[in-house]
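If you scroll down you'll find the structure; I have some questions about it.
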């Protein structure tokens, strides 16, 4: 029973990176997430329980990420966001052993969407594979229908690390399905120079569309190179980590027209964002500079905050109002249902897609939204796009099964954990 | 006088050539080993075991390997993390896919890495100094490329090799304490082996090459074999360390954990710790792996005063500043500082 | 064929831009024997400072202010880092510069923030066509700047009294002291020049990539140039830059597809290794004299 | 000696690396226009004394912890090495510290770095070449490649290029052919007489040194054990035996040196 | 003292070396006989060091051959030549500065040691016995050269004279058949020169080491050498007993000078 004399707190560790080449991503997402928790706290907490959030700087370094995890573990966090693909890999095993759910929204491994093999890992609201199917759909839309994909030349320009390579097989499969041609152009890290790739894409391969799957500075370079070679920017569509203001601003006018995927809305025109500005920043408790509120990464952080907050509420409903444990949180994450109505209630309509998870499906929808840079700001293009659910699911399960075999895991067959 | 050498007469060269000729050192080592094997496992928290001690020990082992190459043989390498990566991938593949016993997998990872290291050591036969250092970056980039492009290694789309649950002789290694023991029982023998190597004929040959290779060769030391051997032994240690850290810390072999920054960190370890010193590798390993953590925890004390993004920058500033500071205090590394301290104790109360 | 030429020309021009960063390394190595790993971070800091100053000053004044800052930095580095480390092993100094790199990263990002900032110096990056070849004004400006710098620096080192003194310092700084060359001033001067070069590189690269942390990573691209041309050769930095730029791009385009691509980062290293095997001090580096 | 020496070293102690005490209270003087020899065994501290004066110690992690060094009445022990050179003291270090990548001529020219009268530099360069014709032949070769003796000529020539008031010579004759040793000493004497350059000469070749010097100090183990006019020293029994190799019966042959050790009297 | 003679141990035949336009050695031939002490003298830059460098493979002659015990050395690598039994010291001391005196001299014995890598690492059995055996040998050298007190001092911290002595120790530790000494006494005072002279004579007389010695101190050369070879800018201008050389006009003009001869 809650002790009325003592204020109860929900401890939330934030593994974050505020310096280094990817700092805009880490600080942006982290800042938005923390601001949302701050907002909830100012409104009295989640059902009266306040968040106690604490940062641990990982510098995007795997070793330090693991150390952060171990450091915060004794404080019984209900969940962990590793915030980096490398750290995610390192924590997968530990999270199972320690019974702490691992949530990686929009990064990490896509096949972890399969709850049968990854009971403790969550990828909602979408994963990279869903994103890519949505991208193909989006390209088709721009071209005027799925049949127009036939004969199209798509260049998959990707940073040459596992994160970048991950979607190659999927694209190849789809190219067979829809009759388009795909060629991969690996960009060695850090991707400052992509002249060769672009010469090839534009001059020799004559690509119709380019997928920009990079990270950090390598997201920006393609826009410049495309401009120099006269390749239309509205024929480039980026991954959601290449679709922030920080990615396009340095490219100046060269970025105008560029598309990117996203799984959250942009701008300040959402009631919840307005509320944050008013209450949190009004009270001087913001975790970022106010100029970044409403940016892509920031809003992604807010969406993170909302989703996690909703999960805690779900747990409260089942287990009672108290600080949630990892195991309770896991149940809640598996039974998450953030409906359109609820989203509207929160004041986040258009900011995030609905999410509905199950014990099998840890992705919970996979909706993707596209946006275009108009030179000043990101403008949403069209409605939320549904991924090719079945296709992705099939791939996810295949890949997860392989993982299970490698690790000696027996996939579960019901909601219950053995 | 607390620490003394005089008064301890060595009856024969055998005693003088023992691994720790001074009794107090010998006792010191025994006490440290006792603490490491007996006291620590029963008193340290999981956090300390798994995220302070394990990385500290393993990175020190890797640093020791690099120290053979750079500190003893004088061949500067800034691509050493890649060798750790080779060890990590190979030993995990051996263990996971081919069901080779764990310790043998580690050994196998080390041996394959040693072979790779020997190949990348070939340029050292012609190239020297910073030219060689920069060339070793080739190892970093090429190995990184091969590991991610060769599907047999990376095992498909995620570029990652996962481990099944670990066991040694049928014992599951699943708690931090057991992992710690695993690490310790690899690190300690390898360290002793390394210490013996460097104080023997091979170590002397390496140091001779480091100090003046022309003269060494004229004296009859084959640069070819000794340099390649330095690369081989050094990458063997790196490979074992890579496998070990992956088994006990990262859980999955992922190239991002062995990026170029890690190479710089390894180099930092031996320079700060002490070039050409086994002990220094451990000091340096501790300094570089633990300092950021301590700074981070220390900086948190200011969490209320400073904005968080400034805090992260403050960490960098402190880290960089402390590296410079320690280099100024003792450019020959912490191990030298330690020795000077001991000397002072030994001679105390007569400082000169 | 025209495609190959285009790739080569594009590579040459980008190579020169890398040379700008390589030059910074060369300068400091040549004049004090220090392998300055913080050169990339100095580039970042210079660019960050410039963008910072641009919010209050017009362009020329901002450049001037950034230059003053780099000179002040050089003097500070001399006093705080180099002077106490005089006559220490080169590796200790090398490590100190790595530490310095972290320090500068912290300072730069702490003061000016981590988010990328645009920098527009008013030179167009949109190429024009000459006989079917695309060439950008920006690249030409970069090339001209680099060329000019090289001429000035070569003259300085070979012909001027201070230049000769700096060369002496790098050979043996104790002996340099014994003939009355003030080490402190020599070091401060060479670091200040390297700061100037960092600023130039920071401007050029910053306006291309945006001013952000990744500027400091350009140093990685400069390294193979450095060993190919010779760590202490100023003209070597430019020539090797051209070679590296052209060859890595040609390799990626024509060799890459056969091996799976993504080879342009390590290709220059392979090239450098081959050259170094025959010329262990790079194409133009001075050899280490080992007489017994 | 006289009341107003050019250089006065007063009771200095030197410590290396904060712990190694090398000089234990050394005092010596060089008068205006003097030519003073400093003799002593290996490791006695001659070079250290010279480096203390020119303040090159700091570059080797040594420092003067006690005592005073005065040059023309001003303290110089706290001054920067470059400043000491500017005031007119130049040291020729032992070990042929040439700038190996500079050509012979460039190397010589660095010697003139702190001179104001740049127009006279060319003349002095010719002077150096006239002293060492071999260098003129090799002027465009990097000093790293010339022979040991030629390198020795370069460093001495370089010091001359600075036109010092006081020259500290650390074993100038080392590794030079007999003919050249004579020449070097002739040059030293000429410099001293004609150009009025005061000289402090640390030498192993005691016979030569005591021939040209007017005054001498003998150093053992970081202490001065004996000093006096060159003639007096030459007649000292210990100096005769240990430094000049002369016994009662005349010069002894190296072949006949036995394994006996007679202790020097001052060493107790 | 006329045990010397017999067939030449080392034959240098018509060696040419050029550096750029400079002819450092211009067709020099000479012989070193087993058991003798040969002095090589000549003005600075005459090519003495170059000659020694050719013998142990640092420079390769553009013309000519070198035979050591009838084996052609001309194309062998340095460490191969060393393994035949030729050791040397260097004009500019080339000690391993970061290593202790003991280790430096132990390195000198490198060629004589051969335990394998693993037994070295475990330091048990053969490796240990071998280390101790060689250590005893090295201690003999140390005793003999009277450098016991600096055994554990890093060589780089020693004063010049002692470094030269350690270097001699390192060369002697290899138990060479032929020992090449490049100005072993430069920078020493008389007493120390006497010591070194003694060591050289002892090595020659007691161990039977053949010695070739470059030296500028005529006193030493005249006293201890059996034969003298004089080089002058690439040419051999004289050869003979010390007496003959002392009175050779050419040598006096090129090298010895006349004034102030004691």
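Should a chain be cited, it is by its letter among A, B, C, D and E, assigned in written order, with residues numbered from 1 in that chain.
Methods note: a contact is a pair of C-beta atoms (placed from the backbone, for glycine too) under 8 Å apart; a residue touches a chain by one contact, two chains touch by 3 or more.
Only a predicted model underlies this, so the values are computations on that prediction, with no experimental measurement involved.
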| item | value |
| --- | --- |
| For chain A and chain E, chains touching each | B, C |
| Chain at maximum distance from chain B, centres defined as averaged CA atoms | D |
| Between chain B and chain C, centroid-to-centroid distance (C-alpha), Å | 31 |
| Centroid spacing, where centroids are CA-atom means, of chain C and chain E in whole angstrom | 47 |
| Cα-centroid distance, chain A relative to chain B, in whole angstrom | 36 |
| Residues of chain D whose C-beta touches two or more other chains | 145 |
| Residues of chain C engaged with two or more neighbouring chains | 105-106, 109, 113-114, 220, 260, 262-263, 265-266, 291-292 |
| In chain B, residues with contacts to at least two other chains | 141, 145, 214-215, 218, 309, 313, 315-316 |
| Contact set on chain D toward chain C in their complex | 54, 56, 58-61, 80-86, 90-93, 97-102, 106-107, 109-111, 113-114, 142, 144-145, 155, 158-159, 162 |
| Of all residues in chain C, those that touch chain E in their complex | 291-292 |
| Residue ranges of chain B touching chain A (in the complex, touch as defined) | 45-47, 50-52, 55, 96-97, 141, 144-145, 148, 154-160, 162-165, 174, 249-252, 254-257, 261-262, 289, 292-293, 296-297, 303, 308-309, 311-313, 315-316 |
| Chain A - residues contacting chain B, complex | 16-19, 27, 55-57, 59, 61-64, 66-67, 69-71, 73-74, 85-86, 89-94, 97, 109, 160-162, 165-169, 188-189, 287-288, 399, 402-403, 406-408 |
| Complex interface listing, chain E residues touching chain C | 49, 53, 58, 90-92, 94 |
